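What follows is subunit A paired twice: with subunit B in the first complex and subunit C in the second.
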Partner chain A sequence: MQQLNQKLGYLSALPMLAVFAIALFAPLVVVVLFSIMPSKVFSLANMPDFSAYSVFFSQGYYKSLIWSLGMALASTVILLVISWPLAYGMAKVFRKFTLVLTIAVVMSLFVSENIRLFGWVLTLMKGGLIEGHIRAWTGVGFDSPLYGVPIIIFGLVYVYLPFMLFPLAQGISMVPDDARQAAADLGATRWQIFRQIDVPLAAPGIVVGCLLSFVLAAGAVAESKILGGQAVITITDDIETAFTFGQDWPLGSSLSVILIVIIGTLALFGISRVDLDQIMGRKR
Partner chain B sequence: MVSSDPILRLEGVVKKFGAFTALHGVDLEIREGEFFTIVGPSGSGKSTMIRLLVGMDEVTDGAIWLRDQRIEAMPANLRPTCMVFQSLALFPHMSVGQNIEFPLKLRKVASSARKERALELLDLLRLPRDYYDKRISQCSGGEKQRVALARALAFDPEILFFDEPLSALDYRLRKTLEKELKNLHQRTGKTFVYITHSLEEAMVMSDRIAIMKAGHFEQIAVADEIYGRPVSRFVAEFMGEVNLFEVTSRDGTTLESPCLTVKSGTTNESLPAGGNGLLMVRPEFIRFCGEDESPDYRIKGRLLEEYALGSRIQYEVETETGQILTVEKLRQDRASSGDIGSEVMLGFDAARTHLIKDT
Partner chain C sequence: MPASRSTRIVLFVYGLLVIGLLYLPLVSVGFASVSRARYLSFPIKKYSSKWYAEALASGTVRDLLWTSLSVAVIVTILSVIIAFFGALAFARYEWRYRTTFQKLILLPIFFPQTVLGLALLMWFNSLGVIPSWKTAVVAHLVWIAPIATLIVAIRAYSFDPALEEAARDMGASTPTILKEITLPLLMPGLISAGLFAFLLSWGNFPLSLFATGADSTLPEWLYAKMVSGYSPLVPTLGIMSVVASLFLILAAFAIAWLVQTIRDSKAAQ
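For the complex of A and B:
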């Protein structure tokens, strides 16, 4: 009976396994295989020569990768710093207002990222909502902050805020109040409580929040295109170009594989350090 | 060890939460080296009191003095006192050793000296030294209790506060730890201020007990006095089973009560003429009388119930006026006349009674 149940279990998992195999692993395998093909071929029936990987260095694609990872890192650090007080408030102080805040932040996700970013363009462009009004009222205009690295990082921070805020709030809510009070009672200053109680006990939330924001920001393309006006080229931008205008599938694939390996390693390392059950509240 | 100088003094301490007054101008003196227990039912203000004493809450009015220093406005982390929490509040991400060393680390004590002190404290609390590297989650309830105590002692506080730390433990462990705490108090010579709702805990450990009710102290005295000479019905009833007779004094010399037959001239306490009071007698001082005995007070009644309380037997007796009395006997002195429903004669002596002059 148990054996039959087990068999039925495997059988009923088949459809989902098939979806995973076809939708997730098959494209990955294709991408990996194409990445080792010679330049500009459209078939996997060629001798592998790994030439696409040497192009990564020789033609300066590593610069795009560094920009992507650098801006992702900067936006993650900024997100962590600005989200902490808000997350702390949501976890420990706001009570009912936390729900209002949660709904407000989630609502922003209902509108497409691109549309929101174009909204910022209209707001910030020369002659746009802000500069246009100020110039009309005062006669003094100023340059648009658009089309530069800082505005791209602003865009990343703006778009990925929920992915830092919610895990962080969840992490902070796992810090027991009495542990903070006991630390104070034993002589700890606010800073010492933060360093020795809050941060280590909220660590799972911090790790998950940072991981999500970093991974998403490293793969982001819209911010640099729409807000940054391609002031810098990100690695995802290069990948897209290689597949489309460049018609060089092996190059696009090799760039993808490099990005996937870097981010995958980071993600696995991060996840191995946290207890997901604890985050989901299944155990304390 | 107990000196007569107060280490902690409260003057007219008031605490209000909005319109609710939790503490109504409380005065208190706690002596150096004393084991002082504050007992009260939930809602009496004892938790509010300890939060003010350790600095986790601010007084609305009044002053708290630690020796000659005013501390009511001083934040918790600057006060030289320390508390063992009801939840223990151990740091789950640190080992036993790191927990104990936490206050020392904050003071930048060198790590070798910290470890030495932590091991000493493990010895003092009778925990094996190899617990130093254990995780908190690997410790049992009683072990966690000892770690929390060790951590508080590592802080080397002027006063050690306890907020019902034993209430979550099972009965046997609680009994063991009560005695250990008393022992620890004697060995360390520190001032302990203990908060509990359990009269038994208070009686076992304390030098002095304060009974709290609705935001003020009803009585502050040594355990025997609070048990034997309570100042009010509340204290009398809070300190265990008690029989209270409403009495009046018509002429100022003898006490009268509808259900009591008083042998004349036996009261050793008196009320002013026309005054009312409560005559208290604890259940262990009432006895079943034979025909030939003549106690100072006699009551006729009917035996209602008999309960075995382990070493003691408790009886419920209904008097002719309908009052239910509680009588307790040691098991070896178990009453022989005791058929449920039978008529019994109870008696007690004036020397065993106490007159409460409030009504």
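For the complex of A and C:
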């Protein structure tokens, strides 16, 4: 039986591993190889010279990276704060409304992120849904909040809300009510219950939620392009430009490798600390 | 420690507010799509459906929809097949590298999609493959198949392996068991995975951007128009794409409900 399980395990993992091999690992190897090629070549048949990496510092690309990581960090912190009460409600307070919220949030994910961000432009622009109506009713307009760093962070928060909300709700639902009740009976304040019961017991959900939203936000580009009017350039934007207008694949590849290493380290660190069987509700 | 009435109400209102904000941009797009003016400004003075008529008559739009649809259908079929086996490896069979496999599945979800699209573009280029909508299928697959696997895995966790073992004890072969026991039990998970796969592929932009080559999907076209000059067709096509997704979801719910009703009435007999 055990042996059969082993065999079936390997066999049934095979299709997925095949897709990974041809569409994830192989491209990754190509990116790494291109990143050490000399500038502006389009084939791997050149002598590697690592020059693309020095450009990262000399041409100021590190600034884009810092912007990307900084905005990702800001949006993750904001997301954690605004999602916590809602996740708590979904896990512990609401009954039917949890289902309504889940369906509403999941459905919003199916709308292309461009369309939703573009909708925010129409909502917030001068003469847009909000400003246009307020001006028509009161005669007083205001400047559009578009095209700045705060609106980019807002866009990141908006787009990546589900990736924080669902893991967090899942994490909070793993906190047993008895533990909270017992702490309350022993005279713990709300803050103490939060700090010493909720946060530690919901930690797997918190880790997954923060990790997902940070990593996705760090690689985001549409928010700064559509809402931010490129007020700041994100690292992914630089990568795109290097490949398209710049026609410099080695540069684009080296920037990609730097981003992948940062994201990959974080992801591996987080994933290795989480027990998926437990989170996904294994019964045995 | 049940929440107090006031906490309940505050959280409920907060939830409604979040749902409202999630959909507010789509309201703006909806209004914009029926505005008659070529250059949009709110409040809208004249409404008209002429942009819809124009979109439906346009050959470009037909091509975009056709490309998006082909990619999404093929991605859905392949994802469901991969996810069926993947979920068994993920949740059901006890094999040596199961936990490693579980973690591996999560990798593409963490990967920045734009970078993945570019990496695939370079890889196809070094293989000498010219990017088209077919390569976009591969790009979508590496991101969507793992998500489909996770969805099926949730279902696979909840079924009792004793059912399979009983069938095996009675002499059923592995393919028979998969077909007669495992497949029907996982069916609800497979259907939701298929739905997710289709909708995620239909709306995906960052992977398509670099992987489709000369072909263009609907989200790509919308993005191109958004960043380089406005076209009144942008809100119209955006809404058409959303409505198409909505129809599919409603149809799925309706079919699920119908199947359930038929089953119940059969059970009652």
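By definition in this document, the second predicted complex is superposed on the first by the 265 of 284 C-alpha atoms of A that agree within 3 Å, B and C clash if a C-alpha of one lies under 4 Å from a C-alpha of the other, contacts with A are read in each partner's own complex, and residues count from 1 in each chain.
In this text, contacts are C-beta pairs under 8 Å (C-beta built on N, C-alpha and C of every residue); 3 or more make two chains touch, one makes a residue touch a chain.
This is a predicted model, so every value here is computed, not measured.
S.K.: Quick one: classify A:Val81 as touching subunit B (first), subunit C (second), both or neither.
M.R.: neither
S.K.: Could you say whether A:Ala179 touches subunit B, subunit C, both of them, or neither, answering first, second, both or neither?
M.R.: Only subunit B; A:Ala179 stays clear of subunit C.
S.K.: Between subunit B (first) and subunit C (second), which, if any, makes contact with A:Ala267: first, second, both or neither?
M.R.: So A:Ala267 only meets subunit C here.
S.K.: Which holds for A:Leu201: it touches subunit B only (first), subunit C only (second), both, or neither?
M.R.: A:Leu201: touches subunit B, not subunit C.
S.K.: Just subunit B (first), just subunit C (second), both, or neither: which does A:Leu99 touch?
M.R.: In the superposed model, A:Leu99 contacts neither subunit B nor subunit C.
S.K.: For A:Thr189, is the partner it touches subunit B (first), subunit C (second), both, or none of the two (neither)?
M.R.: First partner only, subunit B.
S.K.: After superposing on the shared chain, does subunit C or subunit B touch more subunit A residues?
M.R.: C
S.K.: Touching subunit B in one complex and subunit C in the other: list those residues of subunit A.
M.R.: In subunit A, residues 181, 184 are touched by subunit B and also by subunit C.
S.K.: Going by the contact rule set out above, which residues of subunit A touch subunit C in the complex?
M.R.: Those in contact with subunit C are residues 1-2, 4-17, 19-20, 22-24, 26-28, 30-31, 34, 42-44, 85-86, 88-90, 92-94, 97, 100-101, 104-105, 107-123, 127-129, 131-133, 136, 158, 161, 177, 180-181, 184, 211-212, 215-216, 218-222, 225-226, 236, 239-240, 243, 249, 252-253, 256, 259-260, 263-264, 267, 271-272, 276-277, 280-283.
S.K.: Taking the touch rule as given, give the residues of subunit A at its contact with subunit B in the complex, in rising order.
M.R.: 176, 178-179, 181-189, 192, 196-197, 200-201
S.K.: Help me check something: in the complex, which residues belonging to subunit B touch subunit A?
M.R.: For this pair, the touching residues of subunit B are 54-56, 75-78, 82-83, 85, 87, 89-93, 102-103, 106-107, 151-152, 155.
S.K.: For the complex, which residues does subunit C have touching subunit A?
M.R.: My answer: residues 1, 3, 7-8, 11-12, 14-15, 18-19, 21-29, 31-32, 40-43, 81-82, 85-86, 88-89, 91, 93-99, 101-116, 118-123, 125-126, 138-139, 141-142, 145-146, 149-150, 153-154, 157-158, 165, 174, 199-200, 202-206, 210, 218-219, 222-223, 226-227, 234-235, 238, 241-242, 245-246, 249.
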